[in-house]
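Okay, so chain A shows up in both of these, paired with chain B first and chain C after.
The block that comes next holds the complex of A and B.
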């Protein structure tokens, strides 16, 4: 039953370019990349138990590496790979303190990492375009439908990989490390190795998605891929959809982006309303949308 | 000459940082809450002071006083509407309360920011100084209000010290930060202790917000930066250590002022961020923290 339902949803999503406007496709394309950001964040928070306030540090590294290389004439596919690699290296650097620090201390380090990256981009404005942003000449595709399908396939593939990873033996060990590192160690699991791996995987997907997003948008700017408010949106999406579910994070991200777009006529108030909705969900349904549905399903 | 300028300006800004961060540290020490809506409360107080003094024409004294009042109201709202429901929720597991409080207060701060931008203004505002005039300190022309600002901050910090160390309510507060369970067993109501600490916090954050808006000006876009700077100061000093926050505020304040004067104002925050990373790597509990 569930599989049939999932297949129908997937078919509807895949067929969208045939019957909806380019505007809706554009909104959903961005939303799908955000979905990957949120899923990658959920792997770190929900499973490894690490509060990463700076998902945009990894995304920004991927995005700017890809953008800068492209401006030097490197082909697109190589830029995307390089962006992902840069993010993985950044993720491992970020993971080093995580092996020593807990909770708020690690959260602060990730926050500072974003602030430092942001300042570096602004200071080296000559190379990076500073606050205005970096213009990127190449695009993934000029056709909105193709861009949409690319984002959809990317979302699905990332989702399947991250979900099966979280349900695998390694994912369970990771979860144990996140909940009680000392006990996990006593059981003979290498906590450091699993956490490093989680950071590398999360960074890989964040960097890939960041790099692909800038080629879709045609620009890399602090406001779209680095700013703390972008990171906050990713965190809200993951918590809203339901942490520790991976799938929920993607649904939360799509919901958040689409809701923001629908509420756009409210003008400046739309961020207020979206934040208020997210706060209400956190207060009344702390398990998130998917978590809530799953629990109801279990009870029935 | 320039050294003296740095000394004077750095002192005023550090004192403001200290006042802002102490309340933040106090809340964490007593109830374990990291309030990421901190900047929102500061700016709400400042905008209220500006609006009442300016557009409503009530004068700067009434404005400043009512602004502090508004800050306290926002602090209570943060506790009553956001933090307390999460702490009491049975659907949220105990070991995850922290991340929920962080996320929820962050959202609440964004809501305050957007509401201020929508109903009042998102352009920078400056609250009119309480007193005018310029004082000459060994050749450095200093606005009299800057001196008054430092004085108000230190009087507030002194009153806080007296309250915590010399009064019964303050001692209860101190006890709650050391061992809340024992305090409950002795028959004290923890929730009234929390109300008291949020009230103190509201007054401190609001005073800091209003004074900061007189000194440097402020805007709803500053909310995130203000929260981040209080957070870094408190972590640098050691979470929960009020005297540590005080010293850390001076370190950060002077480091920023020196960078701004001697290197470049655009690099203002970089050295303090690097110092913070270094300290957290080498000494995670902060300079004066207890583990």
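The block that comes next holds the complex of A and C.
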């Protein structure tokens, strides 16, 4: 039953370019990339038990690495790979010392990392475009339908990989590390190793999605891929959809972006209404939308 | 004689100025069960954590089958063959019991995506062995308390360690459950494993262990067969104290009319573990009542229920009105001040600031008076008044905690195990202060203690709490004869 439902949803999603406007496709394309951001974040928060306040540090590294290389004439596919690698390396350099710290300090370090990256981009404006942003010559495709399908396939592939990983034996160990690190160690698991690996995987998908997003948007700017508020939106999306579900994070991201677009006529009120909805869901359904449905399923 | 499987020598751990474990040494052979016993704060849990590498030792050695492992990280020690059965753990709630057991069977690999099929069969077999056969496909949250403990045991068995450390194996279990757990632990011995049981009292593990080692204030005070240790003079002094003095005053309940505090039929559950069962107790105006009991008996739970910190069923009446539904703050304002076991001082504030906070609700003139009176009661605090609370010694911290509670000008002062982890000389000072408090003020005191020598001299009446139940009550001079024997 669930599989049939999922297939129908997938078919509808895949057929959208044939019957909806380019505007809707554009909104959904961005939403799908955000879906990958949120899923990658949920792997860290939901499974490794670490709150990464700086998902945009990883995303920004991927985005800017790809954009800068493109401006130096490197082919697009290589830019995207390099962007993902840069995010992994940057993420590991950050996480190696940060994971040694206990309690809220890991989160604080990730937060500071975003601010540092933001400052570096502004200071080296000559190379990075600074606050105006970096214009990118190449695009993934000029056709909105192709761009949409690319984002959809990327979302699906990332989702399948991250979800399978979370359900695998390694994912089980990661959850144990996140929930009770001392007991996980007493069972013989190297907690630091597993958390670091989770961080690397999260960085890989964040960087990859960040790099692809700039080629879709045709620009990389602090406001779209680095700013703290972008990170906050990703976090809200993941929590809204449901912690520890992976799929929920993607649904939360699509919901948040689409809701923001629908409410755009409200002007200034738009952000307020979306934030209020998010707040209400977090307060009344701390497990998120998907988490809530799963719980009800378990009880039934 | 066989070579010991686990050898501990010269093990020492300091936390700041406190020496939690001092030069500890023992050995356990294959197929032997050693009980590591000591009152709360004696360092037994720290010793267990040191062996497992969860805490780092300052000095000493831990050898597993001759190999030095003291500086290894925990996961490596676990792989080398030491397993720890936790008392409390956070199981994976979204996974079934079977999957929780499977977790323990997985290799420490990042690339191990699917468990082998043999893992499933092995996990099932282990589940059957510990008695979880019927609930393997359920989620841990739906299990009764004893089954959660069984699951912890199953995880330790799954690792097939040579040395098994068990933290308080029987805490919170019923008699029948204790039996089946004992059988499981005995089966470890038959398999030739070395077992270390950590517990509060000798009595609980006497039937199971081959030898007992008693710790007090981080040091070994006795070692040997359970019966011999229970007869040991030093051990008796630690648990029961030396000669017990009593100075009960006759405060007849009928004279003081309505009880100041009346507890009836009080029952508390922590999740599935029963912490208090139908407890009844009365405290009258100006009375000094002691509740004695070993750790885990339910003393703190009783006090926390009175202070409104834990949900309960049954009645708690304060001067004739029910306290149920009142917030902890309202209860405290009503005149019940609790001085918790953990002291809960504000470590980064000075002694004076801590006391001022306690007296927040008093008028300034009265506050100054009380402060002067308390400095007179605890002169050491006056000389330390500018010092940060966390830099005080354990005894001074305890005095500060009591003084802070007294700043609130309570009608009832609840003291939860004030002697915890304190050296005998400090106990004497504390005892003198309580003595003066009792003689010079009209205050009513409810004291919870494990140390009977400390609890009895001041008490007018005594309750004995054991396994969540009041099993004896009476005047202190009858305690030794009627309840003392069963206390070790």
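Convention: the second predicted complex is superposed on the first by the 299 of 300 C-alpha atoms of A that agree within 3 Å, B and C clash if a C-alpha of one lies under 4 Å from a C-alpha of the other, contacts with A are read in each partner's own complex, and residues count from 1 in each chain.
Throughout what follows, contacts are C-beta pairs under 8 Å (C-beta built on N, C-alpha and C of every residue); 3 or more make two chains touch, one makes a residue touch a chain.
Please read all numbers here as calculations on a predicted model, not as lab measurements.
*Asks:* Could you classify chain B and chain C on chain A, in the superposed arrangement, as clash or fit?
*Replies:* Here the two partners, once superposed via chain A, clash with each other.
*Asks:* Is A:244 contacted by the first partner chain B, the second partner chain C, both or neither?
*Replies:* Touch partner of A:244: chain C, not chain B.
*Asks:* In the overlaid three-chain picture, which partner chain does A:107 touch, first (chain B) or second (chain C), both, or neither?
*Replies:* First partner only.
*Asks:* Report for A:193: first if it touches chain B alone, second if chain C alone, otherwise both or neither.
*Replies:* After superposing on A, A:193 lies in contact with chain C but is clear of chain B.
*Asks:* After lining up the shared chain so the two structures overlap, which partner does A:75 touch, if you call chain B first and chain C second: first, second, both or neither?
*Replies:* In the superposed model, A:75 contacts neither chain B nor chain C.
*Asks:* Among the partners chain B and chain C, which is in contact with a greater number of residues of chain A?
*Replies:* Larger number of chain A residues touched: B.
*Asks:* Look at A:97 in the shared chain and tell me whether it touches chain B only, chain C only, both, or neither; answer first, second, both or neither.
*Replies:* A:97: touches chain B, not chain C.
*Asks:* Between chain B (first) and chain C (second), which, if any, makes contact with A:182: first, second, both or neither?
*Replies:* After superposing on A, A:182 lies in contact with chain C but is clear of chain B.
*Asks:* I'd like to know which partner A:169 touches here: chain B for first, chain C for second, both or neither.
*Replies:* second
*Asks:* A:271 contacts which: chain B (first), chain C (second), both, neither?
*Replies:* First partner only.
*Asks:* Mind checking 183-191, 201-209 or 255-263? I need the stretch of chain B that runs into chain C in the superposition.
*Replies:* Stretch flagged for C-alpha clashes with chain C: 183-191.
*Asks:* What residues on chain A does chain C touch that chain B touches too?
*Replies:* 179
*Asks:* So in the complex, which bits of chain A are touching chain B?
*Replies:* 45, 51, 97, 100-101, 103-105, 107-109, 111-112, 115-116, 119, 122-123, 179, 228-229, 232, 235-236, 239, 268-269, 271-272, 275-276, 278-279, 282-283, 285-287
*Asks:* Residue numbers of chain C touching chain A in their complex, please.
*Replies:* Answer in residue numbers: 52-54, 73-75, 78-79, 83-84, 86, 89-90, 92, 94-95, 99, 102-104, 106, 108-115, 139, 155, 159.
*Asks:* In the complex formed with chain C, which residues of chain A make contact?
*Replies:* 164-165, 168-170, 172-173, 175-176, 179-180, 182-191, 193-194, 197, 244, 298
*Asks:* Would you pull the chain B residues touching chain A in the complex into a rising list?
*Replies:* Listed in rising order, the residues of chain B that touch chain A are 34, 82, 85-86, 89, 91-92, 95, 98-100, 102-104, 106-108, 110-111, 114-115, 117-118, 224, 228, 231-232, 235, 239, 266-267, 269-270, 273-274, 276-277, 280-281, 284.
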